[in-house]
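In this document, chain identifiers A, B, C, D and E correspond to the written order of the chains, with residue numbering beginning at 1 in each.
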Amino acid sequence: MTDQSIDARNDAVARNQWWDVWDQFKTHKGAVMGACFFIFIVLAVYVGPWIWSIDPTYIDVRARNQGPTWAHPFGTDQLGRDMLARMMAGGQTSISVGLTAMGLALFLGTLVGVLAGYFKRIDGILMRLTDLFLALPLLPLLLVMVMLFRQPLSASFGPETGIFILIVIAIGITSWMPTARIVRGDVLALKEREFVLAARSIGTRPGKMILRHVLPNVMSPIMVSATLGIATAIITESALSFLGLGFPPDFPTWGRLLFDATDFMQQHPQRVMWPGLAISLTVLSVNYMGDGLRDALDPRIRGL
Amino acid sequence: MPDGAQPVLDVRGLKTVFKIRGGEVHAVNDVSFDLKPGELLGVVGESGSGKSVTMMSLLGLLPSPPADVRGGTVTFDGQDLLKVDAETLRKTRGGKIGFVFQDPMTSLNPVYNVGMQIMEPLRKHMGMTKKQAAVRAKELLELVGIPDADQRLKDYPHQFSGGMRQRVMIAIALACDPKVLVADEPTTALDVTIQAQILELMKELQERLGMAVIWITHDLGVVAGIADRVVVMYGGQIVEQAPTRELFKNPQHPYTRALLKTVPRVSGGREERLEIIEGQPPILGASPTACPFRDRCDVAMDRCAHENPQRYDVGNNHDAACFYDARTGAPRDV
Amino acid sequence: MLTYTIRRLLTAIPTLIFISLIIFLLLDMAPGDPTAQLPLTIPPEVREQIRQSLGLGEPVHIRYLLWLKQMVWSEPVYYLSQSVDWISAPDEARLISWQTRAPVMDTILERLPQTLMVVGLAYVVGVLIALPIGIISAYKQYSVFDQAGTFVSMIGFSIPPFFSGVLMIILFTVMMPNDSFWWFPSIYDTTLVIDSWENFGKQVRQMVLPVMVLALQTTAQISRFMRASMLDNLNQDYVRTARAKGMTESVVVLKHVLRNSMIPVVTVIALGIPAIFGGAIITEQIFKVNGIGQLLIVSIQASDVPMVQTLTFIFAILIVFFNLIADILYGILDPRIRYD
Amino acid sequence: MFDDTKTATKLVEVNNLKMHFPIHTGLFRRHTGDVKAVDGVSFDIYEGETLGLVGESGCGKSTCGRAVLRLYDITDGSIVVDGDDIGDVPQKDLRTKRPTMQMVFQDPQASLNPRMTVQAIIQEPLDEHTSLSKAEKREKVLALMDQVGLNRKFSGRYPHAFSGGQRQRIGIARALALNPKFIVCDEPIAALDVSIQAQVVNLLEDLQREYGLTYLFISHDLSMVRHIATRVAVMYLGKIVELAPREELYAEPLHPYTKALLSAVPEPDPDLHDTMERTILTGDVPSPSNPPKGCNFCTRCPAVMDVCKQIEPEYREVMPGRFVACHHYNDVTTTAEQTAASEASDRQSLSNTNTKTN
Amino acid sequence: STAALADGHEGERGRDGQLNIIYWQAPSTLNPYLSGGTKEVESASLVLESLGRFTDTGELVPWLAADIPTVENGGVSEDLTSITWTLQDGVMWSDGTPLTANDAVFTWQYCTAEGGGCAQASYFDGVESVEAVDDQTIKITFDSPKPFPYTALVGAESPIIQAAQFADCLGAAAPTCVDANFGPIGTGPFVVTDFKANDVVQFSANENFRVDGQPAFETVLFKGGGDAASAARSVLETGEFDYAWNLQIDPTVLSDMESAGLGTVVTAFGTSVERLHLNQTNPSADLGDARATEAGGPHPFLTNQVIGQAMSMAIDRGLLVEIGYGAGGQATCNVLPAPAVYASTANDACLTQDVAGAIALLDEAGIVDSDGDGIREFEGTPLVVSYQTSTNAVRQDAQALIKQWWSEIGIQADLRNIDASVFFGGDPASPDTFQKFFADVEMYTNNFAGVDPEAYMANWSCSEWPSPESQWQGSNMQRFCDPAYDALIDELAATAGIEARAEIVKQMNDMLMQSYSIIPLVHRGGVSAHANTLGGVKISDWDSELWNIAEWYRVGE
């Protein structure tokens, strides 16, 4: 602990620790750039369509396979649909898949991890379950899941939402295990920390204990898993598209757009470039954000 | 203690700064001291007073960045260690100056057996063959009082207890017959009974090998027991320096005095209430322009707030950095 | 250590049986019909006959037990009997693929060499490149090299292989003149027999592109791990001790820090090995390295349930096995565990 | 002083307390042994007194302190706190008992949740056990902060913004929140700098005086224990080897281990230091999972006798108010009897039966 | 390829070294009776041969037989119930043994054996017996008159296999003969030297092949795997392969690749037609079990021919071809566009898009948008159709285009696509099969094998409605029913002679077209590519594309 920190904040008003995290985060140039870019992408993708209001499904056959023009800054595809609009629509799906799949994986991972770490009795069984999932060959499982549930889900939620739910769930339930392991490890260590013992000596009930003492303190590994999870989910979705098991062909996602465009790589290089860049840069920015967050959430680095 | 002898190590005006987010930590400010051959110099001071940083600056062991040794000279063997080339510095480290660190649990490499770790400097600095080094390593382990040395050379650090690991660390530091041994709180992590063993061992070894030792600690009791001379650090500076007995008999700096009073004893009269030093240690945010102890000092005066006292000689090889003269009970006239 | 290993082996057995059950049931439930791929011109009665001939009539639990028996008993015994003459081949019919009507295991064994060669080599290359990158990046944290390494590995991590693969083909096969040294085949020839230096050269050349694509990903991931692990260890006290002993920087880093940093990394590397056997579905598809990955996807598409079940189960065994190896390696590298 | 407490009521009675942590090894993770962290400890604490518990690292002090508060499910023995036997009450029924007994921890950094404000930390026990309104709680927290000498202004800050001494004050305030009668202080000053230690100790003493608190003060700093404790218990390898009123213990330690321990404390007076008689122990503390046969201390004892390696010494009152477990203080007949008995019957059962001496 | 013929390329067998063929879907077996897939059938056709084959023009030519039996030459009995084939002299199996009529008889037994799961069983439909009259003569007897008797043992799908090799593989034992299935002995120009399922096949020239100097190639590498684009690239751009099959990729990409100058794209048109079926029954989910069945009643508006006609007129078939098929497709207005004799011209008006006409037509019929939402109503029901097809990029493009065109004439389409394996899987439990047709419009391709459309046209008989009673089997997807049509089916079954049959078939085709229950879109062909150095390629969609591989050769530099 640098003594400086004591006095520097002597008169500061109650200061949420997230401000400190933010202060540290700000010093990581890559992370800040990553965050800016990520926000930019999210805005572009969600707010963009309000400004660039061409319908991504509108077909203008006369204008097909065009390069960038003022009318179509990103060019058009083989049906003359505007690539910029499709990139935005695709981004919405890809980013939502990334975020929700990651959210699901984190939820499951944290739940299992915390329960296993906290309650000794179910630790064994939950960790066996985790091992089991780790030992399951995931890609085949993913493929089988998609095969199994694609129809029922599209039937009940419509093809897009159905597949969305399916892919999110598929990615989510096949990627929670590392988080669970890390969280469990942390919870086990936390349980030995004196403040948990202190809470126990006060008589804090298990539920409160988890919410108040355990969860907030495993936030940092969770946040880091989160950023990596977004990236992996986006990539997994695109791989599924490649194998023909992702979203239907008429439903743009970045992975799908990239895959569709690889055939045209020589003729219309811009068509691979946009989705390729979007995926890579998003993943990159998210990774940098993760790096920055890891540093910012680490009290040792934050200099507490 | 051979008084006027040529010092083996002479540190003048050492200054070390850490660059941290949004500023600097001036951890060591203008520190000067010397070490005579065969002498055991105790360094005391509270946590964060710059003891470790001072010693690590001598041998360039601080990670840089963030550390930056800004100035001063460290004369050893006729050379300024702050200026010599990397190779000479490496030869000095381990070869001529041994180092023992505070935490015996983490200071040994867990994946190599201790034999290898002791032999490493032997082969590097003394050019020994593997066989010779092994023989010497065994001698060293025996020297620091580890029984069954032959066998234990093959053991890994985790198979040793804390006290034994610290002995291994000492063995490593002594491996190349260094002229100077720097021990940075080698017993702080240990129990009193083990600490007593190590202190005993150190005293014996020092007498036997005749090397100069710098012993960092924040336990005044330890210093009283083994040091010839004591340096007291506070806020990145040396505030007092004196031969041991002189210091305990006749503490000059108000910090030293307060420190001696706060410590309860196992023997002698029991105080009804402990003395305390009010306030907090200083922030080392900038190069000091005032006395670092002024806020907690009971004899502080106006002057202390805008002038940093020099170390004034008070005779008996004793100096203290205070404007107040404890002997006369009046401000120093400088 | 030994009891630990045996204990792990023993717990692996119920895990595997449970996994096999899950795999079997999941795939059995999967929709899709082995005749769905057949042309529409084939009439429904014929389709039904085909289904019957594939043994789809039995109840699930019977088929599961039969399959399990074939997996763990008949097939190994069959292979033993092929190599040792005093064991006779089992009486049961072998596990037959619905699509090829050939023994599943034979097909898998036929596919393994090319997968192992390409994916395995890519893994080795990837790891060999990754380790130095990770070490240097960590040692020179925040240097230009580190930043560039981070950037490149993240790019490697974020570019799907179906994109980088096609890009490579266009660069090195299409755009490159045919007689250039830098021209590499885009189609992997699985029939090539290495019986001469020339064919060896061919083999090397045809492995270049897929290996590059795959190695990029491995490098990206392992170098991140290596870097993180090195960073963890560079701040440890024993590093300062080594420096204080007067060791040169190379000894400090390559001997003291590296060995410690390798402990977690080695296990990560070991855990990545089952994936080699799993093949690289997308890369194999792009370069037509018809290995295990391609077999899996083709079988999935053809609803060849026995093939998919077997492949999946083999992966599961490999994953469990290499988990074990990783744990043992951990013990070997880390004396604290070895002497437990 | 000793007589004062003698007449006072016993707030805590610990009898033959055992806390063993099982070790599982082998192929089937069978229970193959125990870490005998606390192995048959008995003591009483009188209302308003401070019982010091000293010993080397790993000897079981913390485990003992935690076991007394039933933070562990103990292996054996009985614990009576304020009249209730809590030795085998299930954890969830203990909740109502918790307010009477609290704990202050060793590491002021580790014992405070870094993600909670000071207000939230001190308020937590109130949330759990009282139904005060928000405003009342807040008032109470501020009052507590005043009591422990923390500036009220800091209530919204996080622990990392405090110095070690201040953090320990937060921990003390939390322990005080429910007006406990009994506080276990588990090395509350070990992690603090010398100059800060005194502040905390003074605070603890002030609070004791003001509220009549009873402390179990765990420490390995013998000089600090001497300052604060009324009576002192010395632990070695899971057992109490000596328990005596402070003055007697420091003036005339009976057990060889106590003697060695006291002599090992560095004396910050060079004159005294040089004249002191020193007993330097050799060797290390044996592992609590595999304690030696006979007396636990026999492997390092400078005054070891043959009998020590065979028979575990009885823990008994050898002088009024002074308990010790050492064969040197057994009269010859007892020793002979025990030798004979041990050959005939199980050593363990014998040693367990003779702990009740208070 | 005409030039190739002209240069009279000849010489000794095996002179041209290796031929590299890429089928991006690899064959899983070389026994076409165990797998009905194109890739298996075509790869096996290098080895196994049949009595007669269809050339690139759809003409039936004798292959193993000495000539084609007809009623005229007495090979086919007058009552059309039997056909007698005579084998060429001196045909040898590649192992050197002679081919006899017994092999043909065995082949029939093999495919019809109980429990064998023969994929080509339909080729032997109606075959009562196959007898070896003598070593060289085979007599096939049918259980009823067969005006077109050239199915069994004709074409790539039902080749003759060697009795000696497959003797122990009858019925349930079929899959156990792995070596035979993976390396059948044949009479064809090549013999299998190595077979790796789903990966690669290696062939070498058959030393016992009956034609001197053929094949020109010593060995064939038949590689599988990958995707269509990369297969095309390997022939057209990198020159690594000589022949690539089934290049269903974007036409512009394909033609760009072709412009690299290394290879040529070739197309063969057969009978495949991409079409829309308009459901004539009511698929409304409200009907429960009666959904899309006779019991559910007719469709609320699709039985109205004006609407169907307008929907057809609104479509620009040329553009669909241009975007999705390129050289591999032609706009068509017939469900039966080939062989040429059967192709009607009566409906060709639909070839040009006429949105205005369609609008006028609807307006005239009083089917107008009465509530101003841009969607017309028919008797109060808004013209909103659910439009389903299998998941496939080209189809989704077509769906999007058609949806847009229909919206221009006031018909709204809700698009849906279903995984091909489910859509075509025929699982009676799944609601999404093309047979169940729980939608208003569905789109897919169908065709018939061989050159005779009799069975194909019979698909639209009233009795062919898929229904719950028939486990939803049946081939009349749109539930078309017209007694006059059924009468024509019977008439066709009793008529011999191409011209006479063609008249009836055209009439049937037109009847279907004018019902507007089926809207043909694109006549699809097989698209392949071969290297410019490969001569003699004449691809056929009526038989194996590789039917004349014995004549292929390397064009000299």
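Points worth noting:
The criterion applied here is as follows: contacts are C-beta pairs under 8 Å (C-beta built on N, C-alpha and C of every residue); 3 or more make two chains touch, one makes a residue touch a chain.
Heads up on the chains, UniProt names are A = Glutathione transport system permease protein GsiD; B = Oligopeptide transport ATP-binding protein OppD; C = Glutathione transport system permease protein GsiC; D = Oligopeptide transport ATP-binding protein OppF.
Keep in mind that what you see is a predicted model, and the values were worked out from it rather than measured.
Looking at chain A and chain E, the chains in contact with each of them are C.
When C-beta pairs in contact are tallied for every pair of chains, the largest tally goes to C-E. When every chain is reduced to the mean of its CA atoms, the largest separation from chain B belongs to E. Averaged C-alpha coordinates give centres for chain A and chain D that are 49 Å from one another. Chain A and chain B have centres, each the mean of its CA atoms, that are 50 Å apart. A straight line joining the Cα centres of chain A and chain C is 25 Å long.
Note on chain placement: the centre of chain C and the centre of chain D lie 56 Å apart, centres being C-alpha means.
Of all residues in chain D, those touching 2 or more other chains are 163, listed in ascending order. The multi-chain contact residues of chain B, meaning those touching 2 or more other chains, are 280-281. Contacts with at least two other chains are made by residues 3, 6, 147, 151, 244, 262, 266 of chain A.
Residue ranges on chain C touching chain B, taken from their complex, read 235-238, 240-248, 251, 256, 259-260, 263, 333-336, 339. Considering their complex, residues 66, 69, 71, 94-95, 98-99, 101-103, 105-107, 109-117, 124-125, 128-129, 155-158, 160-163, 171, 174, 178 of chain D touch chain A.
Chain contact summary for the complex, chain A toward chain D: residues 1, 3, 5-6, 9, 13-15, 17, 193-195, 197-205, 208, 212-213, 216-217, 219, 299, 304. Put simply, chain B touches chain C in their complex at residues 56, 59, 61, 63, 90-95, 98-99, 101, 103, 106-113, 120-121, 124-125, 156, 158-159, 169, 172-173.
If you check the complex, the residues on chain C that touch chain E are 31-33, 35-47, 49-54, 93, 96-97, 99-103, 106-107, 110-111, 166, 169, 173-174, 178, 185-187, 189-191, 284-288, 290, 294-295, 298, 301-303.
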